[in-house]
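Below, chain A partners chain B and then partners chain C, in two separate complexes.
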Partner chain A sequence: MAGTAVLGRLTWQVGRVVNSMVETPRVKSLTLELPAWGGHRAGQHVDLRLTAEDGYQAVRSYSIASPPEVGSVVVTVERLDDGEVSPYLVDELRVDDQIEVRGPIGGYFVWEISQGGPLFLVSGGSGIVPLMAMIRHRLAGGSEVPIMLLYSSRSHDDVIYGTELEALAAMEGIRVVQTYTRVQPPGWEGYSRRIDESLLGDVAPPPGERPLIYICGPTALVEGVASSMVALGHEPTRIKTERFGPTGR
Partner chain B sequence: MCARIFSRGFHGRRQEPEDASRLPPGQYLVRDFPVLSAGPTPRTPLERWDFSLSGEVGQPRRWTWDEFRALPSEFVTRDIHCVTRWSKLDTLWEGVSVDTLLDGVEYDAEYVVAFCDGGYTTNLPLEDVTGGKAWVAFSYNGEPLEAAHGGPARLLVPHLYFWKSAKWVRGLTLSGHDEPGFWESAGYHNRGDPWQEQRYWGD
Partner chain C sequence: MDIEESRLDGNAAAGLLGEIFPFEMTMVRTLCAACGAMEPAGAEPVYADAPGIVMRCLHCQSVLIKVVHGGGRYWLDLRGVACMQVDER
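Coming up: the complex of A and B.
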């Protein structure tokens, strides 16, 4: 079972936005400088709290995109049009603004270099965020654990961390496979369908390699991929899942 | 503690007053039914399913699916609250009360651990699952409980955060001491009362 992630009480602290980066038309990465960050593990998340002038507050959780090796915390946020908090974070929040933060939270969907590999990471949409923290951790920590990332996006324009993924794909020990489910770029010869069992059969490390499997994305993707991986012969106990449902994050 | 800061230009979305009184602090309403779990959905055939009571009990008990379904069941309508901040009002379940399962069982215990297919566990004080507060539910909204939502049967403890309502439950272990379960060992509160906002350790 997972180790202990959070020691003692989690308290709110005031962070400052020190960088804001557009990832896609709907997604931004925000770098937060925190006065008392005790560190985190790749895959964990933070709670962000907004306060209106009349004292009304709203809190949502966001995955941390940055690896434990850097001192600041980067969250990558997708704007959900019917959301209460994400449109503010993506459209309104600016560099030098303050925001309340507590964390890190979650001690199960995490990966540390000491856990070894190989890693098979599967994501859809903004589900890539905690998985990117794992990849960045592997690089920043000097690990050589083989990583296979399978990433499903609606179109090329919806790909988060696109430039970084291109660079990763050229690195030793890291493979990146993408599928575009709705619109494909001209001349695209890769996958152009939702992730299914036959696609996983082509791409996933064989069960004999006993990969550690992390799946993050919308419920339908996570349910489907996790079931398929079990059907392909992978041990259920090596499969960890996390979901981003359309629940107003 | 930090001084109160305001989020320039943030107005938020207030709940309707009649809903707001039913929402614990920090929760928002959903109309759908989000699915959250830590691993693959287990699929145990009903002919291999059973439910057991073990641990500090005079005589361990075990029910097959047919025996379990022959027990008296109840319909309950309750609001449910997930630690990830969504709440859903007036959810309709059918299940066997934990009181019914414990009826006639001698035990010397103050705590239970619910154990499940897939290895999930969650711990509860016995008094949180007795006295008409908890059920082993096999139906949602008049339909058999879907596997993704914990079917064939899940624990239903609606007065606590919903991770306590363990999916794919297969039994209860009664014990004299409290043993943290899956999320309770991974940073989440040991009891999880949404009205006291007991989300994480130390809350």
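Coming up: the complex of A and C.
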């Protein structure tokens, strides 16, 4: 089974960038070729490590965007202007460059087709990344689990995977609802506020459907959504969260 | 920085703990020595902005695990965990 890691401590390996794709002006997807990769599960992350000439090292975690069915590992990285690692990854790293990688990491914020659904996925900003791995896994694995994705962005220009999301929204069994919190495109008739309980009440599957709920984004969004979902009657044990700290990931 | 804003999930500790333990720590269930609540480590809140990483209990906020790495060593404080349940697999 893909994702069955060999038992052992986490170790670093040197990966090579084989593709680099601009997602938004601040976000890039990097495809990494890894010499020793035992597969991963949707929702897991990798750690990337940079070493400066003086030996100083910085490690950051990035969610894997690619589904387990694909052999390579794609990470999607948002540039945080005061960040130590992400500006290098987004602006400097080129195809054929090498970078230290370890993983896959995390077994909790994970979805596999065998877990069933329906799925209710809620994300803010780059929190979309591990959720997109789950959606891609559902498609690549031939599952028909219904998915409802709620995605909050600052503006249309900040939407990651925009073209893919449009295609997904047209598919049977997948619904995509977006909200733009700061700037809305001309003629936009959808949501234009932060995700709150009434918005969740409008779009979330009812508690009776017992959706599996995955929430990923900034800490404030994740905690607000998680407590709203409980208030709406969903079981806490069916809610999984992944918070991005203020320093980003 | 606001303490609320700095709260992460157990996942944020998975890399560092994975350097020490040979199994996926986010799926290990931790029994809080203070209140007796048992949760997967992946669900416990983590604060990673200290010199080390602090994992607290989701229910009573008591410290479960402290881990510090530096100078080629790890310091691991597990006093807050009364028991760990580790899957065989």
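In the analysis below, the second predicted complex is superposed on the first by the 241 of 249 C-alpha atoms of A that agree within 3 Å, B and C clash if a C-alpha of one lies under 4 Å from a C-alpha of the other, contacts with A are read in each partner's own complex, and residues count from 1 in each chain.
We adopt the following convention: a contact is a pair of C-beta atoms (placed from the backbone, for glycine too) under 8 Å apart; a residue touches a chain by one contact, two chains touch by 3 or more.
Because the structure is a prediction, the values reported are computed rather than measured.
By the touch criterion defined above, A:100 reaches chain B but does not reach chain C. Applying the stated contact rule after C-alpha superposition, one finds that A:61 touches each of chain B and chain C. After overlaying the two complexes on the shared chain, residue contacts for A:219 are found with chain B and with chain C alike.
In the superposed pair of complexes, A:229 makes contact with chain B only, with no contact to chain C.
With both complexes placed on chain A, chain A has more residues touched by B than by the other of chain B and chain C. Put simply, chain A uses residues 5, 7-10, 59, 61, 105-109, 219, 223, 240-243, 245-247 to touch chain B in one complex and chain C in the other.
Residues 1, 4-12, 14-15, 18-24, 26-27, 40-43, 48-49 of chain C touch chain A in their complex. Those residues of chain A whose C-beta lies close enough to touch chain B in the complex are 1-2, 4-14, 50-53, 55-61, 84, 88, 92-93, 97-100, 105-109, 219, 223, 226-227, 229-230, 236-237, 239-243, 245-248. On the side of chain B, the complex with chain A involves touching residues 1-14, 26, 28, 30, 32, 34-42, 84-86, 118-119, 148, 182-183, 185-187, 200-203. Partner chain C is touched in their complex by these residues of chain A: 5, 7-10, 45, 47, 59, 61, 102, 105-109, 219-220, 223, 240-247.
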